[in-house]
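Next up is a structure, given as structure tokens.
Chain naming follows the written order as A, B, C and D, and within any one chain the residues start at number 1.
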Amino acid sequence: MSVFAATEVLVAQNIAFGIIAIAIVVAAVRVVTTNNVVHAALWLVVVLGGIAAQYILLAAEFTAIVQVLVYIGAIVVLFLFGIMLTRARLGGENMVNKKMRPAAMVIAVAMFGLMAYSLWDFFGDTELEVMGRSTAELGQTTAQVSDSLFLTYLVPFEVVSVLLLAALTGAIVLARRD
Amino acid sequence: MAKLDGEQVVRCEPIPGYMHRGYEKLCEVRTYPQVTTLVNRIDWLGSFANEVPFILAAEKLMDVEAPPRAQVIRTILFELSRLGNISLFLGDLGIQLGGLTIGFYAFRDREFVLNQIESATGGRFHPNFDRIGGIKDDLPKGWIAETKRAMDRIRRLCDEFEELVLGNEIFAARTRGVGVIPSDVALSYGMSGANLRATGVDWDLRRDACPPGLSYDLADWKVWTHPDGDSYARTWVRLQEVRESTHIVDQLLDSIPSGPIMAKVPRIIKVPAGEAYVATENPLGEMGYYVVSKGDLVPFRVKIRSASFNNISVVPWVSRGVIIPDLITIMASLYFILGDIDR
Amino acid sequence: MNELVLAIELAFWQQTLIKVLVAAVLVPTTALIFGIVFLFKVMSWMQSRMGPQEAGPRGLLQLLADGAKFLQKEDIIPDKADRFVFKAAPVVVLASTFLIYVILPAGPDLIISDLPTGIFFAMAVSSLSVIGVLMAGWSSSNKYALMGGLRAGGQLIAYELPLILAVVGVVIQAGSLSMQDIVLAQANGSMLGFSGVGLPFLITQILGFGIFMVAIQAELTQPPFDMPVAESEVVGGFHVEYTGFRFLFFFLAEFATAFAFAAIAATLFLGGWYVPGIDPDSMLANVVGPIALFVKIMVVAFLIFWFRFTYPRFREDQLQRFAWKYLIPLALVNITITGALVVAL
Amino acid sequence: MPKVPGMVKGLGVTFRTMVETLKPSGGPATVQYPHEKEEPAARARGVIALHEENCTSCMLCSRECPDWCIYIEAHKTLAPPRRAGGKPRQVNKLDRFAIDYSLCMYCGICVEVCPFDALFWSPEYEFSEVSIADLLHEKQRLGEWMDTVPEFEPYEAGSEAKGRKVPR
């Protein structure tokens, strides 16, 4: 693949990245401003789906798919499940606590500043390498993930597994009636 | 109406009356031959069976008896309407439990029974064939052989149903131990028919209290019971009943005597004053007519005891604490016909 | 990687457009139409009926006729419904189904996108349909719809697990997540030293295939696992309130998903587009491949519908117990055995 | 032999049915209605036909009908004498004979009580109308149906019932 083609793709990618990013921001704002809990969860789906799309644009397919499977397929579904089982009301709710809005805004801006600063500080003006986008290389990313997971970080991985198992068992013990 | 806690039934109570068509009152302004056209429609799936007890009650009051040939043909048609009714139950149970194909099979083979009823009586659903003192017409030529073929078909349906449904582990998981009705409860609620036999009570009006005018004594057959009293038992008993019924029909077909089909009755029927109650073992259970006559063209009072009404009165008792899908199984296996409840 | 053999050089987006049109719209749609009508007929035959006869030759255009019929119907939105969510739900369900076709190889070059994580992608997007179902159930503002939606949600989550675990066995044996590689692994495999017909994973992964079939039956909310749409319990489940073309979407999604899962099963366990005797690298495989795949899909779909039209339905608690107590442990055993054998051999 | 699980047996049943349906000797249980028609039984109660010549307007059918859906209008008139030179007979001339098939229960009492063999069952079943009011059929239509009335079937062996003939 020629360099020219690659850059052309990259232009298209950048445009797509921008569009999706704007969509994510809009959806994210709606998550916190909507009065309807189910709508908030559904906007969250848009946000998470958008992030998955960004991952794909960044050639991190595996992460994107995990994002879809775990966050949308499992966590949001559980959210929706919980909401619908307990307070499935159509229309908005007026009980939403709006008094904390200014405080929330301050914290959000502070967080944004902190993260922006740390990113800027770390990467600064590092030139990111333009990756060639062939299937073989992309395939490697998945392989890389698994290699590092099961070779380099095997012990932490197992520890996390055991932790999850313990949490699961604990949940069952707590939830059992007898 | 069911009151629920989540998927659990707290209290479930059938509210009958939405299909009340006032038959008992209508009967009081219809002449005796006209009444049969009305009572056909009580349990619309086994309609010929509805005529029989009324006609028998009227015959009892008039003190006439149908000739033997008419009695046998009447009994055959009675059993055919039972087959038509219960084979549909088998299909309906399948549909309620989500097995669509079972329903199609039942409808397919029920057609053979209906065709036989039609070619003998002219009516598929509402034959209006039974008359005081006999039956309306004699059988057409070739009917006996054709009916035997239909009985073979029904036995094949029974085999298929046994393999497809009763033998199926899913079906067993859905019905075994669901909706258990002990025999004393069943008796105290006045249940009858296959629902009662499924609780282990060996009671069948055809054998135990067959009114004169039906010739069950000519055939050799067995009353099936099941000790469990759950939905599975009810289905099982009905299936055996269908099979037994085909054997009764086969035997009776071989033993139709020759002779007339009508006894001597006046052209305009006036029933002498008196009261009579006659009950028969209908497809759904005991069905009885209490006829009071004042010697008029029309009955003075007709009280209809239909099986479904008593059979569903047990629902509040049996449905306490079950979950919704089980309620479906219980209702389907109790098998009621709305018209039979409300009349 | 093979370049598309075309006389003119096409820009990337043009190529994409053609691929999308041909591979994502035209082929699955035609295949769907004929496949579904065939399945209609199969189920009619099982019920001693003839099935569609009138629309087109031998009723093959029945689906189009049905579609046209639904389009004419009134589009009713309940007064109290959450309009936007209500409208979006069928689209979400249908879209999640069609996304599966993206990674489906029909020949050595006939694939929209040969993702290295293909099968994983398919599992991920198929889990999106839960959201559509929950949306539909909730937004209809109907208690039966909500109950059906929640049942469907619980069921889809429960059976997602055995589904994925059953696939893992195949993935271990093929050593790749890519659909194309899985097909090639089966094509190049050998059975007891005889390599003439390749090695369909059906033979080595028979347990996995069984679990997969049961799990997709549940994922499709079909009998014996059709409680979410059980008309005698929840009067039709999450799509009670839908009419006209919105209902058509659900209807299509149901069959298209059956088709898609059948395609995945055919690829994973029956060798996909591979035909014994034809070199998997030759151009001929591109021609024969789609046909072979279609035949294999029909075989699997036939199995699905065979189960569907034979069994009565389970109860909700039995369904969950079945998934957690039998299917998942079995799938784990399957993975363990496969893993051990792959390491040992 | 080990016991075959019921679920497998069930699959066998549906598969057998499919093969049966596809076999030329078996075929489906249904018929493709507008193209093929099932032959109803000769006794089938499709529709009531009227043989007008036999009707004497005696009103028995109208009176016995459980839901009174037969309408008869007639006037008295003089018919030519039977023998030459005799007195003209007084007869009832039928003006109107109509059956409201939207009310009719197809019970057959009218056919049965008719003392002069004027009413017959025809197995004809295709007489649906768009509007329910159009189901009130007059005597022309009822007369046309006489052509579709089949001959009475012979009886099964052992019967003492007398065979009857359809007047044409």
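The rule is short, and it goes like this: a contact is a pair of C-beta atoms (placed from the backbone, for glycine too) under 8 Å apart; a residue touches a chain by one contact, two chains touch by 3 or more.
Small disclaimer: the values here were computed from a predicted structure and weren't measured.
Of the two chain pairs considered here, C-D and B-C, the higher C-beta contact count falls to B-C. Averaging Cα coordinates per chain places chain C and chain D 53 Å apart.
One simple way to say how far apart two chains are is to compare their mean CA positions; for chain A and chain D this gives 74 Å. Per-chain Cα centroids separate chain A from chain B by 64 Å. If you average the CA atoms of chain B and of chain C, the two centres end up 46 Å from each other.
Shared interface positions of chain D, i.e. residues touching 2 or more other chains, are given as 7, 10, 13-14, 17, 29. In chain C, the residues touching two or more other chains are 46-49, 309-311. If you check each pair of chains against the touch rule, the ones that pass are A-C, B-C, B-D, C-D. Residues 42, 44-50, 53, 306-307, 309-311 of chain C are the ones that touch chain D when the two sit in their complex. Chain contact summary for the complex, chain D toward chain C: residues 7, 10-11, 13-15, 17-18, 20-22, 28-30, 32. Interface of chain D with chain B (complex): residues 5-7, 9-10, 12-14, 17, 29, 40-45, 64, 66, 105-109, 112, 121, 153-161. Chain B meets chain C in the complex at residues 7, 94-102, 104-105, 108, 164-165, 168, 170-171, 173-174, 323-326, 328, 332.
Within the complex formed with chain A, the residues of chain C that make contact are 1, 12-13, 80-82, 85, 114-117, 120-121, 123-125, 127-128, 130-131, 134-135, 137-139, 141, 146, 149-150, 153-154, 157, 160, 177-178.
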